[in-house]
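Multiple structures follow.
There are two complexes below, and they share chain A, which is joined by chain B in the first and by chain C in the second.
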Partner chain A sequence: MKPVAFETVRAASLAEASRLLREAGGGAKLVAGGQSLGPMLNLRLARPRLLIDVAGIAELTVAVDAADQVVLGSCVTTAAVEDGRAGDAIPMLAEVAGHVAYRAVRNRGTVGGSLCHADPAADWPTALAALGADVIISDGRTERSVPVAGFATGAFETALAPGEILVRIRVPVPSHSAAWGWVKLTRKAGEFALANAAVLVDHERGICRIAIGALRGPPLVVGDARGLFGGGPVGAGALDRVALNRLLGAHGGDGGTERALHVTALARAADRAAAVRSRT
Partner chain B sequence: MSATGVGASVARTEDDRFLRGRGQYVADWRVPGTREVAFVRSPVAHARLRAVRAPEDCAGTVFTAADLRGVKPVRAITSIKGFKLSSEPILATGKLRFVGEVVAACVAATRAEAEDLAERVELDYEELPAVTDMLAARRPDAPLVHEEWGDNVFIETVEDRGMTEAVLAAPLKITREIRTARQCMFPMEGRGALAFRDDRLRCLTLVSATQMPHIVQLGVADCLGLPDSAVRVISPDVGGGFGYKGLLCREEVVLGWLAQTLGHPVRWLEDCREHLGANANCREHHYVVTGFADRDGRLLGIDCVAHVDAGAYSVYPTSAALEASMVASLIPGPYDFRAYRCRSAAVATNKCPILPYRGVGRTGVCLAIEAVMDGIAREIGVEPYEVRLRNLVRPEQMPYDNVMGRHFDGGDYPEAVRRAVAAIGVEAIRARQTRGESDGRLIGVGLAVFCEQGAHGTTVLASWGRPVVPGYEQAIARLTVDGDLEIRVGTHSHGQGHETTFAQVAHEVLGVPFARIRVMQGDTLYTPFSTATWGSRSMVMGGGAVAEACRILGERIKAIGAWLMQADPADATVGDGCVRTASASVSFAEVARAWYLQPQHLPPDVDTGGLEVTAGYRAKRDSGTFSYAAHAVCVAVDPETGLVEILDYVVLEDGGVLVNPMIVDGQVRGGTVQGIGTGLFEAVSFDAQGQPLASTLVDYLLPGAGDVPEIRVLHMETPSPNTTFGAKGIGEGGAIGPPAALVSAVNDALRPLGVELQGVPLGPERILAAVAAARASTSA
Partner chain C sequence: MKTIRLTVNGRAIEETVHERMHLADVLRDKLDLTATHLRCEQGVCGACTILIDGEPARACITFPSVCDGAEVTTLEGLEHDPVTTALRQTFTREHALQCGYCTPGMLVTARDIVLRLPDADEARVRRELSGNLCRCTGYGGIVRAILSVLEARRAGRLPVMRSCRESLGPVGSRPARPSAAGAPSLSAAPARATPASSMGPLGLAGAAPTVALRQAFTVAQPPDAVWRVLSDIAAVVPCIPGASIVSVAGDRVVGRMTVTLGPMAAAFDGEAEIARDGSARRGTILGAGSDRLTRTRVAAEATYTVTAEPEGARVDVTVAAVLSGPLAQVSRGALVEDLAARLTRMFAENLARLMAGDGTGGPGLAPAAGTALSVGLLLRALATERLNRLVAWIRAARRR
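Presenting the complex of A and B:
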């Protein structure tokens, strides 16, 4: 279980990384924490000729905690978010971070890396989509933004074009009165989710958004989920399970017991949202 | 009791190097000029292999069956009548019989380059339908793993003892069908071997992560056509065995051949992917078991049909027959009844060969019979523990020969259950169940009781037809010039702490200070022949041998010591590292000095064997020791997610006299965690083509620290009447009880929903499906 031989280079700047990526013409992979790519290299599932290490590019590791939004450089580690080192304006971020894999993985694994890897069972795509985050993508010259909800286009597939790099993630800070709930169901601590779900209810901003992950492809995100709760207060009791089942079916999710788990995860996230405030 | 003798919780000698990272495992050995080996493995479960093609530029670096001229296949010959022999080629030839089977060996400077080579080797094969299910394998139209057999059955045994029409017509008939999953054993250290030619000793040296160096020595020598004296096997520090390293591996033979042929050292280290993809090799059983009982829940008889999925080949030295034979003889468990029928078969499938994993057949057997006991309890409406109490062998019946002639050597089985029931707090759990949980989960309590035959002796193993039957276990005791003690044993410690416990035994006999006793093992060059460490035998057999060697050495020391004191040996005693009379003493060092350096002071009739003794030991009665235990567990089951949390776990264990109670507790806890893995987590599924579906630890879940509560270990201590110090085998028990106890507990929790699960592991899918089915049938 050793990788195929490859070259590796530490990019000094975003421009350099982007240029190397374009020049390699599909033969290169970006690496930051390496927590997903490392095993794939060892299993020889990934066989890049060149690894471009972007973890040393200063602007990718910066986190800014502003009044209206938290901006995470794509190479900010999950552990930094867990510890509040990347700001604490959105408590849900630390809650999500603390249950991603194991601490050793969180120490190296990055939020941006998780989004780019686009593993359907990952936590960040679901959680950040529920929070209404978007990602800023650069091709080394110009930038564009894409909502997290639309960033993953399939299992292990994203909206990144050749030569593009995810630079940072912008997460809007919910209002003081907002409520959120995050549930991750796993067979044991540290494992990938069997089901994960997030609920954000922010009346001041007119937001009632849900996201359900650990499906076959990208998370199911419902931007206006009031109807799922009968228009009233959000909670497990009010959840229209039939409607949710239909949505999950249309989204291409699994049936049977697996779907029941996703529904349960969302119901419990809704109950937590009823109990947890976004700011304490 | 001495602070470092038998019964003391002495800190483990070996931990100093382990905890400082100074252990010496196969991967830590450095021999100049070593090249690395990667294996080409079968990508399919069943195929006719037409050709293996290595690229032309790879001459001398890729080796296939065609290169291994004269190398004999692995054949585990058993004495059991009707057993069908399998011939396992060292590198596949003719047919591929399971995914992961070794086909070619690639040699390069680094492992990565060896894997590059392996990728370029082409296999030309015609895929055949695979046999992936042990029951389907018995159908007349099933594909054949070994065509020459005519069917897929290694061996089928029938027991029929005392079954009568009256028993068959008993008022209660409880039938359960139970299946256990295939598992990987996952020791912390995988397999691995380093082979080189030693021209000085004129032998092939194989450094291998094995539990049984002498068995590997025999096996490699036999396959390579060498005398056993021309093969030296070193088994250095080994990071866990559990049965996974208790066999002759094809890879070991290949490495031996490569080292002999190429003239330079070669090394192979198994990786996680090989372990998962090629070695899901244990635990897969199927039972249909019926208990016959009267209206009071008194068991009258058991009728069982058992299948063991033995995989494609019979491994050396345990053979494919072992587990099925064990199942047939152990189904009766710790219970008192006199009518028994069992048909058990070891079935060949296109999976890797089965190996005996800690607990071996007992884990599935315990699950099967305890399910019947729970079924009886449900049927007559009493506490499950009450049914156990009514049926367990009672202390006044001990020693007790059960329906299969197993000789239970003592103990109080019902008391074990009573203490476990009290410790887990069954009454309080019942009250809690009545109150209900605010989080909607359901609480359940479960129980499993079993006895654990360990330290199986000659007669037992001969009856199971094992190719290698253990006899007199030997140990060597030697007093050094400085009066220190060297102990050499053929058993092998790969986590059990024998460097500590055997020193405790030697200290108990001779009184040499614990710190001045050195236990040596793991090298066929300087240890006595042994079948080594498996079957919970080392402390009973090896410990007995160490005690016996020390006792004889003590006599010799006493004779010299008495002479030095001008005393009659009859008036002298040995202890505390001294020979004493009422008025004088000489130290062992003085005795050693006389023997080695100043022999002019020795008595004229001195034993010319000197201060080095090899002694053999066999238990007074070698039908095995019977440890026993009751496991009680409290769980919370979430009926909406199917997730199970263990809230409390109690083990009441009677392992006879405990040489080192701390180490025993560690054994019990470690085994219990593995049993929890069997009960809740571990399974390798195979698709219809025989592909194992777990390729990383994301797919194959092992229990982690967060999934295991503080396991409370309680003891009773009934000495064995048949062994030195009254010790009993204790190494496996922890892994036997948990699946049965967990199934019992989860079923107890889900009982209000009308759910009863059978089989393991109890993952969320299985639980949710059962809950959904129960709800559908209620609403229908």
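Presenting the complex of A and C:
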């Protein structure tokens, strides 16, 4: 299918993009790589009058790999993260990136674009929430930050106000002794997740955080998940499945098979984290 | 409607398209490049996979206006690519296609696997192929075909090299074309590169040249007439393929020079100062420029001398230049000489036409149309078997 008619403009700056967004009053859509928006345009699920291309704004494609945090411009592609070209301080980022869609999609699809698209089945919202990342949002003049865990407010809904743009993502670098596990369950490699889950255990920083995605809305993030593992070492065997089921139910997740997939994804992620820790 | 410019299989194109028309439709319907197939139009099936800026991407969910200025390579453009050639042979041998509908996308993805993942095993090849659907073969033959090219690569029987993409942004993305005011960015975050308003010192400033060229051509016109035309900046610059003038003040000219060669394109913004010695019919040009997109800088000193020849005038040109930045890495002597020879030939032809137009009132080369025409002529001249060989060489060099 072909999209309905729209116009496009390449924004030269954040300020210009923000102004255009506001002027269009909801008729405009920002596009970075357009790999989620493209299918929606073709299917006429999205019918914006104006596409504002922000991928050429230089500051959005910058990555900084510092000692304590990795900063990704919102238009850094998933392929760049996969290759380690956007920094390699957090190995989990490359692992997550390598299983997002397909290489031909990752070469245009961006991390920030995925967060803003806020598809519940996407991988970046779950993974970045588990890593404790936050996003910097600009309205063209001032900036504010929002934790990734609170950025998506619903399916395809975010905390972005009219005229606001996601500028960069800050991911704290876990300590060297940290353990992590990432699991994505699909029937076919590369498709959207049936279930995904991440576990981060960083004793030095006092962190035991989990995130479960591919729910009806935003991911379920438990900042202190020690209780889910009985306070002991993290692993599938220690997982309190009854408590997790209760949490998922309260979060509005599906029941039945879907629930079982989410629980399984987390259990496997916990085992992977345990395996990582046993290696160090 | 929007006018977009792309380099498609090494050819510069300009098309006015409906903005809702995706790239695959532009390639197929406007450019008759029908190797790019369409099925799902949702980015899932992979039939439309092409190369944008040298990397695989979906043509069905990429719109031309968001990759304006990009380099696009379709399967047609990979005819002489060594990896694709090897894959074509193994695809044939292994029966890796039946109806052939998925094959163009399969080949583009397979090429990427061979180049990017030399150590891939069967499981990895199958995972990487998950973005290309085939309904005929069951993938067995396709996987075997790719594995055997990978094996050839590992055994050193297929010398390929691949460079890492520098930009972290989406393939095809480009900065907005500068508006009149050049809307400044409010944020002080690190920018990639900022074009200097002045290039600083012109010429080599004592640096040792990395490129030295000597070219000569003849024009069937009296030497003094040739010298006069060469001294007229506004007339002569449009004769240089890809060159255009931004402003002229006395002997100082600010301009732009676009060089397109196969998958490479660079637009140098720069300045030059010209000094002339009329009695010796000898001119000296000191110049400097930079290509904002590739962050390539060039500084050059050139001389030109007009002498009398039996059939008219002979123009000798020497160029000494220092090239630095990404383009410098692929600009080996032989390559630059090849390009320079083409540019010189085109320049000589343009100059001859311009002067014929001046002298006889025949169809001359209007300076306003000069740039586009010159580039068009250049590109037509470049569309030769020789260029294909050259492009294959450049691609190999690029992967280093």
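Keep in mind that, in the parts below, the second predicted complex is superposed on the first by the 276 of 280 C-alpha atoms of A that agree within 3 Å, B and C clash if a C-alpha of one lies under 4 Å from a C-alpha of the other, contacts with A are read in each partner's own complex, and residues count from 1 in each chain.
The working rule: contacts are C-beta pairs under 8 Å (C-beta built on N, C-alpha and C of every residue); 3 or more make two chains touch, one makes a residue touch a chain.
Please read all numbers here as calculations on a predicted model, not as lab measurements.
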| item | value |
| --- | --- |
| Partner chain(s) touched by A:252 [first = chain B, second = chain C, both, neither] | neither |
| Touching partner for A:43 - first (chain B), second (chain C), both, neither | both |
| Contacts of A:61 with chain B and chain C, given as first, second, both or neither | second |
| Touching partner for A:190 - first (chain B), second (chain C), both, neither | both |
| Touched partner set for A:260, first chain B, second chain C, both or neither | first |
| Touching partner for A:5 - first (chain B), second (chain C), both, neither | both |
| Chain A: partner with more touched residues, chain B or chain C | C |
| Contacts of A:140 with chain B and chain C, given as first, second, both or neither | second |
| Contact residues common to both interfaces of chain A (with chain B and with chain C) | 1-5, 39, 43, 188-190 |
| Contacting residues of chain A [partner chain C, same complex] | 1-16, 31-35, 38-39, 41-43, 51, 53, 55-63, 73, 75-77, 79-80, 83, 85-86, 101-105, 107-110, 138, 140-141, 167, 188-190 |
| Touching residues on chain A, where the partner in the complex is chain B | 1-5, 39, 43-44, 185, 187-192, 194, 256-258, 260-261, 264 |
| Residues of chain C that touch chain A when the two form their complex | 2, 18-22, 25, 41-44, 46, 49, 52, 55-58, 60-63, 65-66, 68, 108-109, 112, 116, 126-128, 130-132, 164-165, 167-179, 182-187, 189-193 |
| Sites on chain B touched by chain A in the complex | 110-112, 115-116, 119, 271-274, 640-643, 681, 695-696, 698, 701, 703-704, 706-707, 763-765, 768-769, 772 |
